[in-house]
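By written order: A, B, C and D. Residues from 1 in each chain.
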Amino acid sequence: MTAFAKGATGVAMGMAAALAAGTASAQEDPIRIGLLLPFTGQYAWVGENVQPVAQMIAEEVNGAGGIGGREITFVQGDTEGVVDAGTTAAQKLIDVDNVMALVGPTSLSFSGSKNLIIDNGVPMVTPTAGTTELDRACQDVCFRTVPSDALGGRAIARAATDAQYLGEGGTAWENPVLMVAQSPAMVSFLEPIERSFSDFGVEVAKVIEFTPGKPSYRSEVQEALAADPDGIVLVAAPEESARVMTNAFQSGYDGGWFVTQDQTNAEYIELAGADLVNGTYGLEEVASEEGQELNRDFETRYKEYSGDDVKIFGTNTYDSMNVIALALLSDQMDDGEITRASLAEHIRAVSDPGEGKTQVTSFTEGKKALEAGEKIDYRGLVGPIDFDDWGNIAAPFGIRKVQDGAWSTVAVVPADALN
Amino acid sequence: MIFIQTLVFGLALGGVIAVSAVGLTLAYGVTRFINFAFGEFLTLGAFFCLMLAGMGLPLVWAGLLAALIVGVLGVLLARAFYDPLMSRGLLPLLVTSVGIAFVVQNLVRMIAGSNPFRFPLPLMRPIDIAGIFVPREQLIILGVALAAMLAVHLLLRFTMLGKKMRAVADDPALARVAGISSRRVLDATWFVSALIGALGGILLAITQITVAPQMGWHFLLVVFAAVLLGGIGSPYGAMIGGLLIGLAMELGATYIAANYSYAFAFVVLIAVLILRPRGLLGGRG
Amino acid sequence: MDLLAFATGLISLALIYGLLAIGLNLQFGFAGVINFGYVAFFAVGAFASAIVTLPPPGSEAYLEASARYDIGLGLPIAAGFIAAALAGALLALFIGAVSARLATHYLAVATFAMAEVVRSVLGNETWLTRGEFGISNVPQPLGGVISPESYALFYLALTAVVVGLIFALLRRLGEKPFGRLLRAIKDDEVSARTLGKRTASAKLRALAIGGAVGGVAGALWTHSLGVVHVGQFVPIVTFQIWLAMLMGGSGNHWGALLGAFVLIAIREGTRFVGGIPGLDEIAAANPSFLPSLRFVLIGLLLIAVVRFFPGGLLPERRRKAPAAPGTAPAHAPPVPVAATDGPILEVAGLRKRFGGLAAVDGAGFVLRPGTITGLIGPNGAGKSTMIDLLSGVQRPDGGTVRLAGEDITGLTPEEIADKGLGRTFQTPRLYPSMTVWENLMVAGMPRGNETLRAGLWSSAARRRAEQAAAARAEAVLAELEIAHMRDELAGSLSGGQRKLLSLGRQMMRRPPLILLDEPAAGVNRRLAGDLFDRIAELNRQGTTFLIVEHEMQLIMRYCDRIVVMHQGRVLAEGTPEEIRANAEVIEAYLGGAVA
Amino acid sequence: MSGTALQAQGLEAGYGALQILFGIDLTVGQGEHVLVFGPNGAGKSTLIKALFGLVAPSAGQVTLAGRDVTGQAPERMVGQGMAYVPQVSNVFGTMSVQENLEIGGASLPVAQRNRRIEEMVTLFPVLGDRRKQAAGTLSGGERQMLALARALIPEPSVLLLDEPSAGVAPKIVEEIFLLVSGLRQTGVSVLMIEQNARQALPHVDRGYVLESGQVRMEDSAAALRDSAEIAELYLGG
């Protein structure tokens, strides 16, 4: 065998393996849902946080008899946190695995897989992409259960500038500094936060962008402290956030902190240390008092399921999966057949508010209502989950604060307060 | 004032870099190739330390034991993957070391997951000296770094093993002729290199608070910069290079642009190399 | 399920990676640069092409796409590809400038760092690249015209055409004098320089082409996805390209292309890892388990390829030389030297120290045109160093060398070779991975034919030059009686044949003065005699020789004059008879109180 | 002479396809000093490397005090009692004189090593004055002394010297040969290859003349010195 033939055989074998795997999975019955997320590379933690929550819901669905007898299974599509791998991962999920819907992608992979998703009409309900880039990116098949960073940023500015949202003993910030990590998921907060502070009458004293992945941020912190802030809004992944806050502590800073919904979870307290983050304000997407209760229930349930605390994107994933599962069920009950196009329509149908609709907050509840012939309106942990034309949700926000090593809610910023 | 404060911060970061760089450059001196898997020694050191501390071992002992484990792993890796290629020139070794970096880094993620862990060092308020904040962690880092560098110095100057290592680094052919078994010196070198790397990783974990599978790989570039700046293969050069790179990064972040501080370290490096192609203290390439 | 669509996308990607591997192969395989930052070319190409082709801000297309960026020139896509190639080439020239100063290791790390600096710049200069947001409205060729369903196929065709075109160009180039020169440099740069080759500029050109190819790959990539984001260009991409190149075999472009297909097959094939009993249970507890396993496999593959396939899957094949032209073999005329009645070479007070050792310590002698002079002396007398100094391979510390009256002291080897001084080496320093015929052709090709342009367009004059050189090569092959070895690799020749070929390369050039460093060492006695007969024949035709040799019988028989060196100085000079009778010389050889 | 220290029988060696040595027979008696010389390219360096295991012999046998050591790795040769001083770069330039000597005794117990170092410093007093100095800064003659001393530290039975006069100022050459000659008192056997035959011969007991990889002559030093054949050999017939 010549060397070329050997090489060619290698290629053929690789392709054949791909084919075999593809056809094998096509003959099975379950409904496949793609997890188009980074599982390796710099953002591997995103996939790792989302998948268990999605799995928990899938088990709930499958335990209750699945979708018309068909189980929900997941296929991983590792985007590796880079564009071309994200595209090929999406290609495989859509063309080979024939997934019915996507959980994901992140904002980075969205740009590379956007055309694939739209051309093939695959409904995606992403729990992870809050970037303002997606605010007006695609209609009909794109949905997200994470509010646009534009809204989140505005809520932070609103709360920080108004003592009524800061709980007992809280004072409004007058000289805030904004620190933002340079990563796709974070930078989109920058402009909304800075602008919103200004809208609410307080100028941001300094904006500091920093490179993720550095071992320390002492110089960046020093620069922030030079502006003598009474509070710092910190937008970064948990790892960098912990580092920045520690470095600030080591530099003698004792002012306030405000973090985004990304760090407003028990996991972050554990990573950064309760002593360090005590008194830190955080953001949470909640509808109401009731919503807060649901959140606590979810935290307990997840802890039982996985033995772990809820991490970033956990609540958003919960809502994404519930919406998908309920839409699948509703679609299946409609005419016994599920297609990507009909599923996208049913995603709207089960989540939009409406006269006479039954409000449900979980798959089990929703299933009961659907089987009773009712129309449903899913209301989630993140908010009422009512998608606008571009698949965005508008959520009121809860303001939380670390007290005695745990997050507790100190106020709710209603949607109209953000105007 | 800010300048002095920046110097203080830069020194501590430089200490971490310097320790790691010494480990890398020691191995280079004897083996004549840059080990791209060196960053994984850092990662493994931090993870083993974390694991042992989690099993209830006091942090200091956990760190030392972790370093020893990584040292042994380093020898095993080198024997399995590098030794068979020693006679094949530079490129196969470089590429193999990149492959090992991929494998180790992803194995760590397969076992430990992707989410970062907190390094279990309690939070401490800084010491305030006339308005200059000196974080206690930094004192620990500097202390350990100085001790490690002193230990390397003593090893190289005053022990037979260290002298053999220097002899092999100086002239491998002559060392053989003088009756030194390069096999054993090589093993010892890998052990020391990996051990110091692991120590560097633990210091890095203290600096950056967290432990994650990619930490070593990310830090590797800075370590490279230090090694090259000091002159490849020169342990004392690596120490100086490490401190300088640490200072350059912090000064660059403070006075030039925070988001360019990595780039700044490399620009300094490339500029120095263009002026002195063999680094500050490097004799040979 | 639509496997065709899946495969289409992957084949396009494999072609793009193939292009990257080819570009890297040019830089590493030919210019010898260990570039661990190759992804930077991919990056600058992608951004350059995107920025050049994006609709300008404020334009209708800009508003339609609700795009957001500050720069966009709105030029046609072809301009984007050109810009990408230029951007890649410019970056390569920068590396070329640095690489001249740095040794291998430093260069590997410096390029690695350079790529990170590039990434840092692209990530930070948001006015240019939108930083972490990325640019997502990059125009796609015929984007509105072709239906979305068939667009992937269309783009695959486009990619195949672009890659095929570049591939064909490079192949053509490889068969031309320029390509031959690059392969010669890869095998032995110093010996190429002593044949008068401008190796530095040839290497720089190879680097630039490699950079341009990487840039074009970037353009192909960005227009296929319609987006460009700095997060793509991480170091792991560089190493995947290395993997592709090494798997293929670093000697040829087919290998690089094949390697890229294998890489993509493995990279994407491993996405199907799973379903192994026991594995899924572990995987359930850690979602990163299986995806990380993929990279463990890729890492192991990298290790295994290097260890077990040192030549790659597709080792370099021997090229068969075109059939010999029918024209009668003829000698090339010797290179003319400025007419002079005086000596052809004058050496005076030449000095060279290595550390504490004075290898050549004020030596001087004179060569008359048309003579054969032997240069002898005990080991360490400085003979080889003398040859190196005369040919420019080493720079003298002092003294002068005049060739036909012209001062050539301190010139580069290629300049000295052009002035009419040829040399051979003690170990022949051929181009082992090239055939005998190619070795001769490299030597015999005039410089003007080795340009990049000459590789792309061959004029009638250039074809004539090639034919003339080929005819000369046949003559030399016949004269040295190695015509049967014509298509053998030089690396497979015996010691004696190598010496012959090494002389043959000089016969292709026919300089008026040739320095031979131990032409008979390691050659059996009969062949050594033949060799000296050839030398004598060339000498009759007008070539002057200076020969370092230990085989005294040969020296005494063939040389007109003998120069004896001892401890870096000229100890004696004269006819063979005079030298044999010289007591000092005998003392020098046998040791004793000479100095 | 009470026995054979080193013996080579039918030794053949070369580099790849290039054979250099064609069946060399050679003996060095205990305490004997033997010179191997011959014109350039005769194979002297290859011979000494083949004896020491730096070049693997393709045929033949090397025995050290009766033990077969053919083709053993150099570092093992040292353990067997053979020492070798290369022609150039024979000291560790970045290390001090003292450290060079210590490396020579790396395998010895500390006490013995220190004793041997002191003995060597007595034998070569110049080294004692320069203990702290980096070996790279020594003069050519001092380097040769250091190299000799380093090789002698483990008390070898046979010492191989590769052109000790190479790269040394002419006036030092005689001094070095005298030093080597002085080693007789230690009882070590010496095999020296040297181009500088006339100057070396008075200091040795016996000599071999090598030509084209074969032994052309073998005789006592005195007889070789007076041989007319030798000059002819060097300068061609």
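As a working rule, contacts are C-beta pairs under 8 Å (C-beta built on N, C-alpha and C of every residue); 3 or more make two chains touch, one makes a residue touch a chain.
Everything numeric here is computed off the predicted structure, so don't read it as measured data.
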Furthest chain, CA centroid comparison against subunit D: A
Two chains sharing the most contacts, counting C-beta pairs only: A-C
CA centroid of subunit A to CA centroid of subunit C, Å: 51
Euclidean distance of C-alpha centroids - subunit C vs subunit D, Å: 42
Computed distance of Cα centres, subunit C from subunit B, in Å: 35
Whole-Å gap separating subunit A and subunit D, where each centre is the average of the chain's CA atoms: 76
Multi-chain contact residues (two or more partners), subunit C: 120, 123-124, 236, 286, 288, 292, 294-295
Per-residue multi-chain contacts in subunit D, two or more chains: none
Sites on subunit B at which at least two other chains make contact: 106, 109, 113-114, 259, 262
Complete list of chain pairs which touch one another: A-B, A-C, B-C, B-D, C-D
Residues of subunit A touching subunit C in the complex: 3-4, 6-8, 10-11, 13-15, 17-19, 21-23, 26, 35, 39-42, 44, 47-48, 50-52, 55, 76-78, 80-84, 87-89, 91-92, 94-98, 108, 111-112, 114-115, 119, 131, 133, 136, 182-184, 186-188, 211
In the complex, subunit A residues that touch subunit B: 39-40, 42, 44-45, 47-49, 182, 208-211, 213-216, 218-220, 222-223, 226, 238-239, 242-243, 246, 249-252, 267, 270-273, 275-276, 311
Residues of subunit D defined as touching subunit B within the complex: 52, 54, 73-75, 77-79, 84, 86, 89-95, 99, 102-104, 106-107, 150-151, 154
Interfacial residue positions of subunit C with respect to subunit A in the complex: 1-3, 5-7, 9-10, 13, 66, 120, 123-124, 131-134, 136, 148-149, 221, 225-229, 231-232, 234, 236-237, 247-249, 254, 258-259, 261-262, 265-266, 268-269, 271-272, 275, 284, 286-288, 290-292, 294-295, 313-315
Footprint of subunit B on subunit C - complex, ascending: 34, 36, 98, 101-106, 108-110, 112-114, 116-117, 120-121, 123-124, 236, 239, 242, 246, 286, 288-289, 292-296, 298-303, 306-307, 310
